[in-house]
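One chain, subunit A, links the two complexes that follow: it is found with subunit B in the first and with subunit C in the second.
Up next, the complex of A and B:
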């Protein structure tokens, strides 16, 4: 009887996911399969044919440029993940846990999102007049007589890429963590205090474990976006930092479809591994 | 100041939130090994009082003493006072055993691992959770969570345990059982319980002493029997929820109410003139019967079977609801005709009268 009702309900609601499935199939599954397929095509200077070959794969793994880009991508991803976490977690702790009023914590979260009111490119390019040799930071430091020579490593280095990415992606770390922290029952923290635990113990044994699902979600957001990045590196590194994303852009620009596909497949696999690893840390199904 | 017999004492504690007085000069003390219930309606400040004692709130004025020591500005984690939350506030990511052991593992007193294990196990056995040690606290029932909350607090061997409506989240059947267990556990441990509740039956049944709180002030304190039989004010009588209360006018030893003018031998000083008669002290007579005490015409509406007694509901001419309780131990209940008028009567000396005139 109840089984029949559930069955009828399922039939009635199943169509809700049809548009999603159609969309994802057409614009995600099929393109990914196409990329895998194209990566085995034969590339000549001005042409590409569907004759299967491993040439592009061999070229990727034998070239220092491509392998170097892979390691740079992974290095920058790990550094940005660390910086967004180090800056983001205390911010989230303040917004989600220490601000008692729900209204104020919502306002603070909205403030975090204000940079997103302008376009991505402007946000990235705005770092140039900040970090440049004659940029704001150098001018201020020189006026204060802290330095006598402008700091040149600020712009067009890996450092500038990391600074830019941290600023852009930090909010994706703050949001999920603040959300999880906001859901912690304040009585639980009081109970821990009542049992004699100081703030350090309460943080490490209660608050941090309970916020972990937020950390994982935030880390997945940041990872997916940083691993696929090319614009920040393009605008702030002076072409010195090549990420897998930049390789794809260059290859597509010179119509090297097979090589672009190989890089795309490798990037997708790396992202898949990263997401799977994060999901192993915590059972999101149970927590959310 | 605090004497040796008092485990805790609060002296003139006030606390207000945004201009509203949650606590207004509360002074209270409890002895060693005592079960004190704190009764009050919601918003009476009873939870605030508990939170001040536990150290979660700092009072605006007044002092708090525990074991003779002024702890007003001592942080909660250094007070050693147990607190059992209404929603239990268990650590959701830990097992039953880890919840219970939390205070010993992460608290400010060093306890050896073997002692942690032994004490955890013995308190888990005491509250009847043997075999549940490795379950997550989300996987156990409400009653079991209540026991974990209690075990987690008791394992710290506090001298004073504060319970904030600890039975409020349980169903009626479990509530009855936990009442008995709470009393038994307390007696075995020899600690003082301060039990906050909004339920008058719970307060009367459980406390060695009962404190009634209203709008941030203590309006009566005494034994359950004393509070029950001689409420100090109409407000207390009202919270006890055991009295038919009539407004009227007390003048020169005569109370004039809906039942006419009745001579009063004794009245308690109060702001308003109120005549209160307990539900189970009212008799129902047919209309026209000769009565010795005051009598009031009322229409029978309905009755409610309560197991050990029957509650009959009557409506007076001016629309006031009167309740008459008949204990089944006194014999089978009478049956009354709905919408028929009866005469409610009682012995005049069993009424409790409050009045501006006060004692006569």
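Up next, the complex of A and C:
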């Protein structure tokens, strides 16, 4: 009889999911559908009406500015993906594999995460006095007599956007990779070494393949965030670098809702393709 | 492994990496002590002073540089983060509780919820403001539309934290309670909730900090200047000339975050200690 009561009580919990579903449907799914819907509305200078038209779509694909923003977004995404991976992987390798004590590796990860408790915008802004013509990097390099003239390309260029984004997002690469590396059975590495494999071979045949799911998770995190970016690009490029996100912000600012929506749909499609591609490389459900 | 050569190299690399992560903050911290009101947001430091800190609290005589418009924005952000924290945690606990039993479409619902943390804020923000502004025709405010997007963003985090906690949860204590005739709500309050409390704290911390710092969603979904949250107020200063007061403010918000983190740490330690005490009492009995 007890079993029956317990069974009944357990069954009674299904309704608990309803508020969550309703909230996500109303404030996640419907808004995304709205973007698709409004992208076909008719836009006039000061007004927008629900008469369906393809005008905004045609305008997007015939304008160099918008197409340019699409390519800039993809270029910066690829570059930042590469830099976060290249800069993050050795760190993850050390924290996840070389540090023997679990406590130390946790402490090191916490040290990497601490900057995230500073406001995102302040983190972006902190690069300005660092990279500027009279910034810290130029002063240090000039004091060390490495350069005689300040490097001016450091700030308000695409380079500064890439440096800023790399610093802000590389921890999202380090975390998942370090996690996967920490799970590698040390005996496999031991065995390979006993059989005479050098480090290079062990790395490419064992360590790297086993860390790949972590790389994919990190890449998904970084991609989702970089593709939807606009604040870093705006603040560190002096509005010279325009991403799809920046286009959306400016279009909404001038009440061009239809054009903002077209850009939003394109961003969604790009994001969907990228995530689907990553999930094809590694079957996450099986690996994790 | 050639760890004798590789390990020191990687250790040195790690130090460089941490410098890269922290460098900008050191520079920011140093420049926040720039002389005021004439010192600019760059080197060299003309004279060390706390002028910009005093300016934030309105303790300096008025000058050509307007103080940061952060007072009311801070209150709005705190209230919004608190509302978001409560709603997200309640939704997260409820949904994770429902997920303890397999139900039809649970995989679909799982992805529906997780979508909230994957879709960029620009898109949720834009969509929500389209829905409110163009389709329904209501005005946007920080406590309505922005609040809805904040919850849609933080609820998945709370949900995942609670799911991880409830996956390791031993259901037999609840079953014991039910068989003794205690109703489900009392069982939840007296048995389940105290046991999952550390998870609830983590979910609350996630929701609060994410909402407090949320920027793209608020940018679209909150209304005009009378609806500015703190990140929006900071963003507003980006477009005009930057002064060291924003650096000083950055230092202060970082300290605030650490205070919040300490409170979380203390509450966590207390709840762990209480759980241990209870376990000991049971052992004695």
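The criterion applied here is as follows: the second predicted complex is superposed on the first by the 268 of 288 C-alpha atoms of A that agree within 3 Å, B and C clash if a C-alpha of one lies under 4 Å from a C-alpha of the other, contacts with A are read in each partner's own complex, and residues count from 1 in each chain.
By definition in this document, contacts are C-beta pairs under 8 Å (C-beta built on N, C-alpha and C of every residue); 3 or more make two chains touch, one makes a residue touch a chain.
These figures come from a predicted structure and were not determined experimentally.
Q: Let's test your reading of the overlay: on subunit A, do subunit B and subunit C clash or fit side by side?
A: They fit: once the shared chain is superposed, the two partners occupy separate space.
Q: Quick one: classify A:76 as touching subunit B (first), subunit C (second), both or neither.
A: A:76 contacts neither subunit B nor subunit C.
Q: Once chain A of both complexes is superposed, is A:270 in touch with subunit B (first), subunit C (second), both, or neither?
A: neither
Q: Looking at the overlay, does A:181 come into contact with subunit B only (first), subunit C only (second), both, or neither?
A: So A:181 meets neither subunit B nor subunit C here.
Q: Classify the contacts of A:132 with the two partner chains as first (subunit B alone), second (subunit C alone), both, or neither.
A: A:132 contacts subunit C only, not subunit B.
Q: Under the superposition described above, what is the C-alpha centre angle at subunit A formed with subunit B and subunit C, rounded in steps of 10 degrees?
A: Between the subunit B and subunit C centres, as viewed from subunit A, the angle is 90 degrees.
Q: Check the residue A:209 against both partner chains and state whether it touches subunit B (first), subunit C (second), both, or neither.
A: First partner only.
Q: In the superposed model, which partner reaches more residues of subunit A, subunit B or subunit C?
A: Here the partner covering more residues of subunit A is C.
Q: After lining up the shared chain so the two structures overlap, which partner does A:193 touch, if you call subunit B first and subunit C second: first, second, both or neither?
A: Both subunit B and subunit C are touched by A:193.
Q: Touching A:233, do we find subunit B (first), subunit C (second), both, or neither?
A: The answer is neither, since A:233 touches no partner chain.
Q: Just the number, please: smallest Cα separation between subunit B and subunit C in the overlaid arrangement, in Å.
A: It comes out at 8 Å between the closest C-alpha atoms.
Q: Going by the contact definition given at the top, which residues of subunit A touch subunit B in one complex and subunit C in the other?
A: Touching subunit B in the first complex and subunit C in the second, residues 193, 198, 202 of subunit A appear in both lists.
Q: Please name which positions on subunit C make contact with subunit A in the complex.
A: Touching subunit A: residues 1-3, 6-7, 10-11, 13-14, 17-18, 20-25, 27-28, 31, 41-43, 91-92, 94-95, 97-101, 103, 109, 112-113, 115-116, 118-124, 126-131, 133-135, 148-149, 151-152, 155, 159, 174-175, 178-179, 184, 209, 213, 215-216, 219-220, 230-231, 234-235, 238, 242, 246-247, 249-250, 253-254, 257-258, 261 of subunit C.
Q: Any idea which subunit A residues touch subunit C in the complex?
A: 2, 5-6, 9-17, 19-21, 23-35, 37-38, 41, 48, 87, 90-91, 93-95, 98, 108, 111-112, 115, 117-123, 125-130, 132, 134-136, 139, 167, 170-171, 189, 193, 198-199, 202, 224-225, 227-231, 234-235, 245, 248-249, 252, 257, 260-261, 264, 267-268, 271, 275
Q: Which positions of subunit B touch subunit A when the two form their complex?
A: On the subunit B side, the touching residues are 54-56, 75-83, 85, 87, 89-93, 102-103, 106-109, 152-153, 156.
Q: Within the complex, which stretch of subunit A touches subunit B?
A: 185, 187-188, 190-198, 201-202, 205-206, 209-210
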